[in-house]
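Right, I'll just put the structure down here and ask away after.
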Amino acid sequence: MSKHQSKYSTIHYESYLKLQELLSIQNLRSEAVGDPAHEETLFIIVHQVYELWFKQVIHEMTSVINMFSSDSVDEKNIGTAIGRLDRIVQIQKLLIEQIRVMETMTPMDFLEFRNYLFPASGFQSFQFRQIEVMMGLQEDKRLTYNNYHYASVFDDKKKAILEATQAGNTLFGVIEGWLERTPFLNFGEFDFLSQYRDAVSKMLKTESTAISDSTYLSETEKEQRLKMLAGTDSYFDNVFDEDKHKAEQEAGHLRLSYKATIAALLINLYRDEPILHNPFRMLMTLIDIDELFTMWRYRHAQMVMRMLGRKMGTGGSSGFDYLQATASKHQVFRDLHNISTLLIPRSDLPVLPDNIKKELGFYFSEQSK
Amino acid sequence: MSKHQSKYSTIHYESYLKLQELLSIQNLRSEAVGDPAHEETLFIIVHQVYELWFKQVIHEMTSVINMFSSDSVDEKNIGTAIGRLDRIVQIQKLLIEQIRVMETMTPMDFLEFRNYLFPASGFQSFQFRQIEVMMGLQEDKRLTYNNYHYASVFDDKKKAILEATQAGNTLFGVIEGWLERTPFLNFGEFDFLSQYRDAVSKMLKTESTAISDSTYLSETEKEQRLKMLAGTDSYFDNVFDEDKHKAEQEAGHLRLSYKATIAALLINLYRDEPILHNPFRMLMTLIDIDELFTMWRYRHAQMVMRMLGRKMGTGGSSGFDYLQATASKHQVFRDLHNISTLLIPRSDLPVLPDNIKKELGFYFSEQSK
Amino acid sequence: MSKHQSKYSTIHYESYLKLQELLSIQNLRSEAVGDPAHEETLFIIVHQVYELWFKQVIHEMTSVINMFSSDSVDEKNIGTAIGRLDRIVQIQKLLIEQIRVMETMTPMDFLEFRNYLFPASGFQSFQFRQIEVMMGLQEDKRLTYNNYHYASVFDDKKKAILEATQAGNTLFGVIEGWLERTPFLNFGEFDFLSQYRDAVSKMLKTESTAISDSTYLSETEKEQRLKMLAGTDSYFDNVFDEDKHKAEQEAGHLRLSYKATIAALLINLYRDEPILHNPFRMLMTLIDIDELFTMWRYRHAQMVMRMLGRKMGTGGSSGFDYLQATASKHQVFRDLHNISTLLIPRSDLPVLPDNIKKELGFYFSEQSK
Amino acid sequence: MSKHQSKYSTIHYESYLKLQELLSIQNLRSEAVGDPAHEETLFIIVHQVYELWFKQVIHEMTSVINMFSSDSVDEKNIGTAIGRLDRIVQIQKLLIEQIRVMETMTPMDFLEFRNYLFPASGFQSFQFRQIEVMMGLQEDKRLTYNNYHYASVFDDKKKAILEATQAGNTLFGVIEGWLERTPFLNFGEFDFLSQYRDAVSKMLKTESTAISDSTYLSETEKEQRLKMLAGTDSYFDNVFDEDKHKAEQEAGHLRLSYKATIAALLINLYRDEPILHNPFRMLMTLIDIDELFTMWRYRHAQMVMRMLGRKMGTGGSSGFDYLQATASKHQVFRDLHNISTLLIPRSDLPVLPDNIKKELGFYFSEQSK
């Protein structure tokens, strides 16, 4: 057979997708023990679909981590990376919506075969743990699961893979590195930070004047609001003082390095400059991914509540409480999210000097004028 | 090992879900021919997820057809059947939303590995054909696919299964039978049809008066609208005249039997009576399923358009045109849908005699007063 | 002009919907102060749409409360009530999805006109407070808003309305009353509770055996799980002992009365009995409404985080923190939700005696056999 | 009062949003004629919400048309324009999902007050007509409405506005102009078209070889597919021959000018080049808008079918048929959509010469290396 023929040899939908294998691995435990439960098919298929999507998420996440692992990220790659991260976003939306399908199973139908699943549990999904580790979830931020290490349910080979993933490049790590390397951090003569500090002061001053001059608020209310406003100052302190930022990092309140934080702030502030469009979309997509995993954990918890109430899960965990708690805790890109606190009105943005503006624009459009 | 132990023997998430098998059957053709394409993984996984959901749909549809195949459908079963059909609805919504994930693949990325898939095609999904046949899609209503019989892409064993399914009980068939058997068709002394005819006349009369008396419409407009209104009469004719209905059936304009149509009309009109709640929800869910398959075909066509434009699909079909055309043609429960045309204002509904009302209510609530 | 003519006098879409009025009340503050901001239009319209939907929610909630306020709720009304509550559910889904539209506004664009809105705030939405009070949110469960009473932002007339609503019938109140009155609480000779207690014991025993017999778990794990399992006992205690239930109520851990709780449990357990279909759907819909308001608050908090970060809201609140906190606290039907904890496998359900089964079935279907 | 005070004078949520006005314009016709219908409130509010969103769509569309009306579109504006068009996309998704809320009204409840609405009709929505005209829907492409001009339901002032909008800049028009002006159409020495022609030939040759060499297809099938494949040639002809393109335009098969079509093709083919990211997203967003209006009309038709069946609408139209028909006909950016047909595998893309590549990259990233 010629090489050519092997290349375009014919293939059938069924063999291509390995449907015979795929459709023969829904083996009901309830059937095996002679007590078949109609709903167990749904239970298996829902979880198999989850695992297929997890494989896809890992495929995309791996490729993005690899792209960003080198010292110089090709500009073109950013577009591709955003596309792949956005695919993760679309898959996450499906993962969330899929819960509705699971919720068509009634608690009492679930209880019919639940005992046969023991002690299998969604907490044993190796791929989901891989995703968490690849994202950059830190071990000391993890909620423990029945006081055991989250990896204790896996065999040694799998444990080793998780450890290696954790030790290697994570999405958080490569994004932090990429931000630290952004060339536009170098402003030459232009002292960005001092101008930004002025803009922040102006914004806070406007607000305090508005409070003081208000004919609507009582004196007590004014006082209280001015006090709150003063409190927001502290959010900006870390930006103006690298040492404070480091202290916050050491205290575990912040994770992202100072340099990467400043880069992320600049990308947010000057997101309208053509060269920053894609970096900005990249940061937004990472926040989306974080938020959607949070949402998924939250909806998952709601579903467990409907199904089991506060009963113990098959894996021995207090399912609802664990999921509810991880929803808000297991976020990775919280520091990117918090950049919003540091934004100022567009009209107060320090005006970039022409030479920088030119660098941030497209060479082409400059030329063509 | 005791029987007890075998029943509650322990099981791990991974072995329960056959994850090793599941996650090892994404074999890229592009890789096999030495030209690996990153996006082919998505292509395979998206289709495998579809097929898993199709298996679930078949599982539910089979169970509902079986429940309704007997002469007497247990009242309790209707609730269960609605639950299972509603599960199909929720799965269909996922099938539609899943297209968004596929659309994250760009046409040019798809073209990279498309040739290696040849002549595999979604038209070769056996499970989807099974679903269509189980729904009750009639062979003579099918659009041909490149002028070939839709089953020509399958081997003899599969063809035989499709033929047997078609010859056996379909969802359309068992629902029609169930409607024909509904006991509340028997009204005794109460002449429902003549009272309904009066109500229809009243409704049409009110409308024509409103047109004639309008100070807003021109004479030409009035004339035109009155003509249109007169035209709606014909929709009601088949209800009042079984022979006309049969003629329409023979002409292929209608499919549902006269008796079943009247039952469906009654269920729609008196849906507020407790005993008709579930039958009504049943009919609505069937219409939902029909509409959602239509929507899925439609979105599928849009996606093919984005991916290939009007290029030929890998299966050799004019993908977009075929899908677009089937969207509206391959509906099964159109006659149930058309019942809406026959509805009248609630206040004009013929009042049921007490003895019938009592039969339609709950024995319990009557007793407890 | 005859009465008839006035009834069907002609009307134009524009005058019917008062479009002239509707489309002339988007008055930009930024424009008024001579500093027009393109995005303020979106801000106004998004909030006006919210308020229109709130009006609709109040319309439906009022009608359902009225229906259930009488001592005997007509069976037919339950169907209507479910329909109206389900409409609230569909509106809530829109409220949540609408946040995506708001999120198309960038933080920096928002900051452009935010100062002009001061101190207006979403916390001043009177209709939303009405909804909360109508639902049955108790004043002492409310999180305070800057340490002020939630109604402090309203004038006396509005405060009086809120107080009257709180003092009158709420959704929680009328549902509790309806549950307490359910006739099927009376089982005659049949001692439901003792049989249910046996089923619970059996379920817990099966589970503990499965733990003890496991060849997979270590001794420490077994011990831990058995301890957790023993802990679940307590969830059932309140059901078996009215006094314990009352103590929990007094301690503020439970709100729903003992009688209503037992009724809700029965409805959940015997939901397949035809007469309980609608009561069960009613309870599910109430849980849906509760969960969707939670989800809305949660998404709202996420949006505020994107827009303002941890800045103070225009109303002077720490917007994100307040919304995040209310998301899980301001639930009203938590006790209905917790019923899931009390469910047992369908096959262990105490078998109802024939006379009760007959009462729970449809008179009609009994007769027709 | 100082200028300052007027600027930050205090404002309440209620007065800012004109809630008193907003919430007092839901006047039920059924109430006015003494026959109040609970569901009419929903009907009014749903339509008012639609009109508020239409106002927002017009606001965004106007601003984008203005931005693109000048001869030179600022690069920064493209990002802003995409943001605003994407806002339209998000609103359209809401418009579609909102139909679910309307569908909670039963046909029989609608019929209760439908006669009082006569002859008001959604076809009288002036804002929706404005949107269609602003999009660039051509008058001769419109389906007639009861054989009357679509604007016949409006007064002279409104008719004049629609005519002026049609005569002025439309979204289609300014986008066509912008595409025609794209500087990257000028390739200097590089003969794009001849290289592209080679790539197309290669793609078609690969496909025909795959068909001929297939061991799976019968001779008849091969013949048929090769014939179909030959047919796709014609799609490319217009690109290679400006005269053919013009002939197609004159025949009404195409609308977009030759120059703009080539620009759109280039943007699609070289979308990975940084400078083309935003132009590509712009084209995709326009296709999204087109598709979502199609989807909205389609779902709207489904909803009318549920509500009225094939009854005449209050506006005198055959509602379902009209909406169903406009769904696919009233598309404006069909030519952009059809570009997909012209795409080729990424690996066959003519390689751009270095000087052009440099122009398409970011000056900055080139410099910094």
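A few notes on this one:
Letters are used for the chains, namely A, B, C and D, taken in the order the chains are written, and counting of residues starts over at 1 for each.
Basically, a contact is a pair of C-beta atoms (placed from the backbone, for glycine too) under 8 Å apart; a residue touches a chain by one contact, two chains touch by 3 or more.
Just so it is clear, the model here is predicted, and its values are computed rather than measured.
Residues touching across the chain B and chain C pair largely coincide in numbering: over half of the numbers involved belong to both copies.
Taking each chain's centre as the mean of its CA atoms, B is the chain most distant from chain A.
We define each chain's centre as the mean of its Cα atoms; on that basis chain B and chain D are separated by 29 Å. Centre-to-centre separation of chain B and chain C, using mean CA positions: 32 Å. For the pair chain A and chain B, the distance between C-alpha centroids works out to 38 Å. In chain A, 8, 10, 12, 106, 115, 118-119, 206, 210, 214, 216-217 are the positions where the chain touches two or more neighbouring chains simultaneously.
Of all residues in chain C, only 106-109, 111-112, 114-115, 118-119, 146-147, 203, 206-207, 210-211, 214, 216-217, 221, 224-225, 228-229, 232, 235, 268-269, 271, 287, 291, 298, 302, 305-312, 316, 318, 337-347, 349 touch chain A in the complex they form.
Looking at the complex, you find that chain D touches chain A at residues 4-5, 8-10, 12, 72, 75-76, 79-80, 183-184, 206, 209-210, 213-217, 272-275, 277-278, 358-369.
Interface residues of chain A, counted against chain B in their complex, comprise 6-8, 10-14, 16-19, 21-23, 25-27, 29, 33, 38, 41-42, 44-45, 47-49, 51-53, 55-56, 59, 63, 83, 86-87, 90-91, 93-94, 97-98, 100-101, 104, 106, 115-127.
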